[in-house]
Structures are given as structure tokens and as C-alpha cells.
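Shared chain: chain A. Partners: chain B in the first complex, chain C in the second.
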Partner chain A sequence: MVEKGIKIKIRHRDAVRLNFSKILLYAAMIGLACIMALPLVYVLGTAFKPIDELLKFPPVFFVKKPTLSNFSQLFLALDSSTVPFLRYLFNSVLVTALAVLGTIVVATMGGYAMSKLTVPFSKVLFTLVIIAMTFPGNVIQIPLYMIIKWLGLYNTYAALIVPKIAGAYGMFLMKQFCDQLPKPLLEAARIDGAGEFSIYMKIALPFLRPAWATLLVFTFTACWNDGAASLIYISDQSLRLLPVMLTAISENTNLARAGALAAASFIIMAPSLIIFILQQRRVMATMAHSGIK
Partner chain B sequence: MKTSTIKAPATKASSPKKSWIKRWIQKYGMGSLFFMPFFILFVLFTIVPVLIGMAMSFTNYDMLMTPKFIGLDNYKNLFIFDENFAKALQNTFIIGGIAGPVGYLASFLFAWIINNMKMKKLFTVIFYAPSIAGSGMVVIWDYLFSGDRYGFINNLLINAGLIQSPIIWNADTDFIVPINILILVWGSMGTGFLVFMAGLQNLDPQLSESGRIDGIRNVFQELWFITLPQVKPQLLYGAINTIVVSLGVFPSFGGFPSPNYVAHTLAAHIQDYGFLRFEMGYASAVSMVLFFLSFGLGQVVIRLLSEREEKPVRKRRARG
Partner chain C sequence: MARSGRYMWREMRRRTLQGKIAWTGLLFVAPWIVGAALFFVYPLARSIILSVSEIENLRTFELNFVGLKWYHEAFFADIEFVPSLLSVSIDNLINLPLINIFALIVALLLNRKIKARGLFRSIFFLPVLLGTGFIMQQLLGQNVNAEAVGFARGLLIPDQLAAYIGQSGVNMIQSFLDRLTIVMWNSGVQILIYLSALQTISPALYEAARVDSASEWESFWLITLPMLAPMIQLNLVYTVIATFSMADNTVLEFIQWLAFETAEANAYEYSCAIGLIYCVFVLLVIGIIVLLTKRFVENAKEGG
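Let's look at the complex of A and B:
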């Protein structure tokens, strides 16, 4: 009896200590989460502040009287400037959509081929893909500029889309994920008389859905935020993308434009976040295959 | 684990009478067709640029005159005379060398902690979000580090009596580099963090159980002996990702080029010579330094962390 009592006491004490350290951990993590989130929340919230709250000092963190006037200012007031905001928005949407679509098509086809069909020199090619993942894009910035000029793509939307499509990471991810696709399934489809293309459409693509959803998230974010490409490969201001416009507004510090700047920041940041949150489950399911062995 | 040894027999069925072209098409035709779009674009926009860059780094190409071969002159100038290059190299190591490892360790640490917590999804979003926030964040950095006394940090410091007059953060050469590091660390929990999270979610629970039976006493022992070996592929991917991001760092705070080039990095140097001065040959030499640094470090990391399973497989196949 006595022994039992002691045992229970120890267990109880352990439980208390465990709970205490757990509470401490949660408190610390919530604090850190705040540090991570506050700048974002601030920027997202600022977009809805009326002008008097925007210029208040010390500034208010949360919006008191939310308004959409900053957005209307962005869409209407900036209309008079050389390139209207809507044009940048249109450019960004078009370029990002086509780049994302192209990347998904090219990467799923290539990954499927490399994993399930026979591609000549596939080992060498896959090694090249891995090598391409080990250096930053800045390395090829200059030759890319020249190739784009030679191909006559300079100052076209294509310059912002085509070079991005065959990313090494997309290929790598699709190949890794496709390795999980059971071969007998494909064999069965072939015996039933399905052509290679319909196998790709009806079996591979649905199977790869989490992987290409992930690629969609990453490619979207990369394209939507890429300001450098449209500065380098484009000289016509009316073909440039949103980040360029944002830097332009933020550089000429004009108090009247504070609202427009906040609204533009919102439009740049929100879509990537929303797309990630919507696809989070698929992204997490895919990323496990992102390891390099 | 997954070897491709089964590939070969597919062709055995074809009769030996067929010409080699037909046999090649039968074996490789479909694969090549599906692979072609990627192959063409990858060669044209990734492999060829690397080769052109390599070749161009030995020339004095400036977009106007035909390039002339000048041997190693660009590299000599870089390493001996170019003070900004020395600064860029040093800054890349300082900025990337601090933000990279800190971000990498933080990514793993937080992935590990969050994985054992409730509300995983919410915490994942919050920690990952800064890395995809992108250029919209200038609004907050401009406000936090504003050079007048109404800037958040200046105001805080003045009220606390630590400084008398406001610090002009984006022009003060002492602060541009640290602020850049801070911003980078804040946004460093990106793809690597997600990969770690995913790896940790797919751990084999049997292994940690048998570990406990074998005398694993606390969470740290479990982390070291049971968990880390299981997520090695993810650790390797994260490491390569970190290297690429850190070495390719472009200072986002302080303008370009930064005052007195204090925050100049290799990526900024490429931009500077390539697109401001149009000395393409010289800029290519800088690109090649960046390429070999990144590629070399990548290879070192692959050697260290790769599960070398391929070698025995190859040997077996060679014998058989």
C-alpha cells in the first residue's frame, strides 16, 4: 500500500512538472509566433486604415475605422500616372498564371517520363537537375539576358515566362513523387489499351495532384514576388510587374501616397498567403518527398 | 532502396530483326517525347547560360564590341584590384554566413517543436508566412527603421533615453548589414522549414518505441539517435536550399548600391557590373565565383549528409 502511494505521488509530480514545462513552451512559442506575425498583420491591416489613422503618431496597430479608400486611391488616383495600376496588376496576373501553368505541365510530363518511362541518359540528366538546384539564379542572370535578347524575347511577356518554366526544383519534385506511383497500375492500364498520353492524363496527373498543387504554390509565390526579372528583361514600363510598381511608389516618399502604398502591399502579399493556406495540406503531404537521398 | 534495375527487360520482346532506330524509338520514344519540353527549356535557359557565363568570364564583352579573349584577366582584377569585390565576398560570407545557419537551425528547431504541439497547422502558417511575404514588407521596414524621430525604433530609443538624435538607419553604414541580417532571419523559415515539418510528420513510431526500450532516456537523445537519422534526406535538401539562398543574397534594405557599398554582396556585384556598367565579361567572372562557391559547398554537404546507397547497387549491377 505504502509503495503504491509513493508511486502515485511521483507520477503526479511528474505530471505537474510536465504540464509546467509544456505551458512554458506554449507561452514561448506563442510569443515567438507574435514576433513572426506582427509585421505581417501590421502591413495587412494598414491597407484598410483611413488617412487620419495612417498618419497618426504614435501609430495605431489595429484599424479602428476600416475603409477601402486606399484601394480606390490605388486604382483611380494612380490612373493618371504614366502606367495605371490596373496595367501592372494585369501584367502580373497574366505572367504568373502562364508561368505557373507552364511549369506544372512541363514538370509533370518530365517527371512522369523520368520516373515511369525510359528516357535516354536519365541518370546524367537527373544529376544535372540536382546540380542546377545547388546554385542561385543570379549566376545565370547575365547569360540569360543575352539569350533572351538573341531569341528576340526582350521586352515581351515571354521573357518573364518562358525561362522560368523548366525549373530544376519542379522536375526534381515530380520525379520523386512519381516514384511512389505503383507500376502495376500503369501496366494494367496499358493492357486495357490506354495510350501513353491518356495514362498521363487519367492516372499520373490525378496521382500527382498534391505535388503539382505544391508546385503551384511555390511557383506562384516566386513569380508574384519577382521584381528583378521585369526590371532586367523589360525596358517598356507598361510591361513591368507589380513589385516594380511597389518599389516605385515606396521610393518617392509622398505622404499622400501612403495609403496607396499600403493597399499595393496588401495586393502583393495576400494572394501568396491565401494560396498557401488553401493548399497547406497538399503541400505538407508533398514536401516529405522533397528529401535528397 | 528503389533501384531502376527492372527497366531493361522491356526491350527483350522486340525481335532482333528490327533496325536499331526502330528499337530505340520503341524503348525511348515515349519517354523522350514526354521529357522533350522540359529538356529543351532546361538546356536553353539553365545549362547553356552556365556554359556561356563560363566562356564569357574569359572575355572583355561589353555589349558593344565583339568579345575578345583575355584569359584570366577578369579573375586577376577581381581578386587583386577590385575592392568592392572583396567587400561583396566578405559581406556574402557575413550576411549569408549568419542568416543562413541561424535560419537553418531555427527552421529545424521550430519544425521539431511545432510538430510536437497542438494547432500545428496554425503555427506552421505563422512561421512560414514571412518567407513568402515578399516585397510588400518594405512598408513595415520603412516604418520600423525610418530615419526620423517618428520611426518606431528611433522613437523607442529616444524615449528610453538611449540616443539623443535619431539614427538614419538606411544610410548609417554601421547598421545596414545587421538590419539586412535581421530581415533575412525573420523570413528564413521557408521551404526548408516545410520540408523539415513534412519529414518529421512521417517518422516511424516503431523506431522511437524500440529506442525507448533500448534505453533512450530523454527527448534530446531521441532527437539525436532516432529522429535525425530518419530525416537525413530532408536535412540535406534544407541544407542545399539554405546554401543557395544565403550565397545568392541580395541586400533588400539600404538601397542598391548601398552607401559606400557597405552591404554589397556577390549578387549585388553581378547586378552592378552586368546591368549598371554593362561589363558583361567581368560580371560573368563574378557569376562564376558565385557558381563555384555554391556548387562546391553543395557538393560538400551532399557528401556529408547523403545516404550513400548508390555505390553498392552499382557494383552489384556491374557484376551481374
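Let's look at the complex of A and C:
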């Protein structure tokens, strides 16, 4: 009896301690998560604040009376400019879609071949991939500008799309991921008479799905956020991208435009966020297994 | 796959089965090769040539060889370049251990059995996605982030306390908080790498240690850390690359400014030279880190 009592007591103490450390753990996680996510939540929330809440000091964190007036203000503010908002939106959607599609096709084909087909000088190529990955892009911008002019891409959509497609990161990711694809599977398909291209389409692409979903998320975000390229390679205002418009608004911000700016920030940020949320499981799996961004 | 290039080339000319597969392989990689050649290799070569030349005539792009003139100027004449390179490096090298320690701690926390682990993981990863690029620079410029941080500050440092510790104390805490934000916003990828490495450590090891009456603290230092050694090295290198290529550092801003925003004489050549110095410098830093951690990684391999 006594022994049993002691046992129960120990168990009870253990359980209490366990709960306490669990609570501490959750508190730490939630705290950290809040610090990480709050600025994002703040930016997203700001887009729906009416003007009096926007200008309040100290700033209010959560919106009290949500409104869509900032978005209509954004359209109004841009109505007076020479290039309509929808044109920027169209440019951004087109450029981003083509760049993302191109990157995925080039990277999956290249990575599959580097990993599973015999490519001459593949070691040299892979070294090149690594070097390109460690290079800050700013360093080669002047010659890049020159070659874009020389190729006749200056002031076309192609200047914003083509240079991005042969990215080193995509190639690296796909090659690493493809190394996990079992070779006998490919050989079986080859014996059954499948051509190399149909093996790529029917076996490699579905296998690589998490990897290219990840590449999709990253390339989408990079293109959608990148206004700098369209400032350098494009002189025609009507071919420029959304972030450029955001800069234009933010540069001559007066109080009335604060709402428009918040709405524009929301429009830039929301799509990346949505795509990430949709693909997050695949992104996480890919990042954990093959690699590094 | 590991065949030499020359052998492959012979096979390809003879059109054997090996050669046929090699042709297909080449065809598959061709788009990438063309792209990389045009938009990376050629610009890089051109950049090296520019950095040792002087542009005679901007229209015809006539070049005169001037040797290491711009490199000399960068180190001995420019009063801004070396100090800003140093300050960027010091800043990043302070962040380097902080980011990795923070990432490791978060990974250890995430590795426990907790609910909604996936959700937390995604939240920690979000800044990787949204914390970079043009838009974030705009937002930072607009002080949106500063407001949000300031908001958190208001919670952390009440007015009474601020009055008590004085302005310098408040400044210290604020710079600490600023660094904390930077560290946290840059550790998303590292967290995932540590987490996946932690999940590959066999639980049997910990169990054996527990049977031998090792405390959790001891098994962290004797099991977890050595098992993570290769990943720690990888993460350190990754962190260096990531932090040194963030576009908001003063050296890269200076390069950008020279390239596109100034009409000064010889700005193009000088910008190329500085850019290359910067790249070589980053590679050196990576090399040093790999060398320093080499022993640690090898010891861990032998021990495990």
C-alpha cells in the first residue's frame, strides 16, 4: 500500500513538471512566432485601416474598422498617372508567369540530365553552378546590361524574363533532388521503349514535384518583388512592373497617399504569401531534404 | 556518369548507345548552358576585363589596359571602400554565430513533440520568403517595420523603466532588439536544415546515453552537437553567403551606385573592380570558415 502511494506521488510530480516544461515550450514558441510574424501581420492589416487609424500615434496594431477605401484610393491615385494600374498588374503577371515557367522547365530538364543522363563535362558544369550560387548578383550588372543591349532585349519584356531563367539555384536544387530518383526505374522505362523525353515528362517531372513547387514559390516571390530590373533594362514606363509603381507612390507620399501605399504593399505581398501557404508542405519537405536556398 | 569529358566526346562522335544518351543529356542541359554562358560566364569575364581597363570611348567601348590601377585605388586612395567593407564584415560576422545559435535553439525546440509543429515551422520560414527583395526595402524605408518593432518595444520597455535607465540604456536595448530582429529574420533556412539533421539522429543513441545516466545537457554536447557538425559547417557557409549578398549592405549599395547612379569618370571600371574584390573577399571568408571547422567536423566523424 505504502509503496503504491509513493509511486503515485512520483508520477503525479512528474506529470506536473512535464506540463510545466510543456507550457514553457509553447510559450517560447508562440512568443518567437509572434515576433517573426507581427511585422507581416501589421503590413497586411494596415491596408484595411481607415485614414484616422493610419495616422494615429502611437500606431494601432489591429485594424478596428476595416475598410476597402485604401484600394479605391490606390486606383484613384494611379488614375491620374499616365500608366494605369492595370497595365502594371498585367506586366507583372505576364513577366512573372513566363519567368517562373521558364525557370522550372530549364532547371528540371537540366537537373534531371545532370543527375541521370551522362552529360559531358558535368563536373565542370556543377562547379559553375556552385560558383554562380555564391556570387552576389550586383557584381556583374554592368556587363549584364551591355549584353542585354547587345542582344536587342533592351526595353522588351524579354529583358526581364530571359536572364532570370538560367538560374543557378534551380539547377542545384533539381540536381540534388534528382539524385534520389532510383535509377532502375528509369532503366525499366527505357527497356519498355520509352524515349528520353517521355521519361522526363512521365517519371522525372512527377518525382520532382516538391522540388519544382519550391522553385515556383521562390522564383515567383523573387520576380514579383523585383522592380530594380525593370528600372534598369526598361525605359518605357508602360512596360515596367508593379514594385516600380509602389516606389513612385512612396516617393511622393503625402498624408492622403499613405492609404494607397498600404494597399499597394498588400497587393505586392499577398500573392507570394498565398502561393507559399498553398505549397508550404512541399516547400518544407524540399528544404529539409535537398537543400539550401 | 563520372566518365571523363574526352571519353564522352569520343563516344558521342561514334554514336554508340552511351554516346546517344550523352547527346540527349547535352540537349537537356543546353538551355541552361546557353543561359549561364550569356548571363553569367560572359558578364563575369567581361567584368574582370573591365576591372583592369580604362574606357577610352564610351560609345565604341574602346578599352585601354591599365593593370591594377582600380584595385590600387580601392585600397589606397578611396577613403570609403575599406571602412565600409570592414563595417559590413564585422556586422555580418557578429550575426553569423548569433543566427546559427538561434537557429539551433529553435530547431531543438521544434524537434520536441509539440502540436502544430508544421505551423511554427512555416511561420519561422516566412521571413525568408518575404524578408528580402525590393518590396521589403520599400517597407523598411517606409518605417513600417520600424513602427512594428517600435510597437513591440513599447511593450518591452515601459516608460518608467526608460526614465530609470536613461537614454543610453534605451539605445543599447534598442540596438540589441534591432539585431535580434535581423538575426531572427535571417535564420529560416538554417532552422530547417538543423531540424532535418536532428531528425536523422537515431533515438537509440539518446536512450543508450540515458541508460548510462547521462543528463540531457551532457547528451546534447556529446551526441547532438557532434552529429550536427557537418550541418553546422554547411549552415555557417550558407549564412555567410546569404548575409553578404543581401542587397542592403553598404558595399553592394556603393557598387550599385557607381554602376547606375553616378556620372563620375571611370565609375564602371571602378565598380567592377570593387565588385570582384568583394567576391574574392567573401570566398576567402568562406574558405577560412571551412578550414576552421574542418577539424571539428572530422573529429565528429571519427567519434561517431
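Quick note on the criterion: the second predicted complex is superposed on the first by the 256 of 293 C-alpha atoms of A that agree within 3 Å, B and C clash if a C-alpha of one lies under 4 Å from a C-alpha of the other, contacts with A are read in each partner's own complex, and residues count from 1 in each chain.
The criterion applied here is as follows: a residue touches a chain if its C-beta (ideal position, glycine included) is under 8 Å from a C-beta of that chain, and two chains touch if they have at least 3 such contacts.
This structure is a prediction, so every number in the text was calculated from the model and none was measured.
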| item | value |
| --- | --- |
| Superposition on chain A - do chain B and chain C clash or fit | clash |
| Partner chain in contact with A:M146 - chain B first, chain C second, else both or neither | both |
| Contacts of A:P120 with chain B and chain C, given as first, second, both or neither | both |
| First, second, both or neither for A:G259, with chain B first and chain C second | neither |
| Contacts of A:L25 with chain B and chain C, given as first, second, both or neither | both |
| Which of chain B and chain C A:D179 touches, first, second, both or neither | first |
| First (chain B), second (chain C), both or neither touched by A:P210 | neither |
| Location of chain C clashes with chain B - one stretch out of 169-177, 259-267 or 295-303 | 259-267 |
| Contacts on chain A seen with chain B and repeated with chain C across the two complexes | 25-26, 29, 32-33, 36-37, 39-40, 42-43, 46, 58-59, 105-107, 109-110, 112-114, 117-120, 122, 125, 128, 132-144, 146-147, 162-163, 165-166, 168, 171, 196, 200, 218, 221, 225, 227-228, 232, 243, 246-247, 250, 261, 265, 268-269, 272-273, 276-277, 280, 283-284, 287-288, 292-293 |
| Contacting residues of chain B [partner chain A, same complex] | 1-2, 6-7, 10, 27-28, 30-35, 37-42, 44-50, 52-53, 56, 110, 113-114, 117, 121, 123-130, 132-140, 142-144, 150, 152, 155, 186, 189, 191, 194-195, 197-199, 201-202, 231-234, 236-237, 240, 243-245, 247-248, 250, 266-267, 270-271, 274-275, 280, 283-284, 287-288, 290-291, 294-295, 298-299, 302, 306-307, 309 |
| Interface residues, chain A side, partner chain C - complex | 22, 25-26, 28-29, 32-33, 35-40, 42-43, 46, 58-59, 61, 105-107, 109-110, 112-114, 117-122, 124-125, 128, 132-144, 146-147, 151, 162-163, 165-166, 168, 171, 196, 200, 217-218, 221-222, 225-228, 232, 243, 246-247, 250, 253, 261, 265, 268-269, 272-273, 276-277, 280-281, 283-284, 287-289, 292-293 |
| Contact footprint of chain A on chain C as seen in their complex | 1, 3, 5, 8-9, 12, 18, 21-22, 24-29, 31-36, 38-44, 46-47, 50, 61, 106, 109-110, 112, 114, 118, 120-130, 132-136, 138-139, 141-142, 144-145, 147-152, 154, 180-181, 184-185, 189, 192-193, 195-196, 234, 238, 241-242, 244-245, 247, 252, 255-256, 259-260, 268, 271-272, 275-276, 278-279, 282-283, 286 |
| Residue ranges of chain A touching chain B (in the complex, touch as defined) | 25-26, 29, 32-33, 36-37, 39-40, 42-43, 46, 57-59, 105-107, 109-110, 112-114, 117-120, 122, 125, 128-129, 131-147, 162-163, 165-166, 168, 171, 179, 183, 196, 200, 218, 221, 224-225, 227-228, 232, 243, 246-247, 250, 261-262, 264-269, 272-273, 276-277, 280, 283-288, 290-293 |
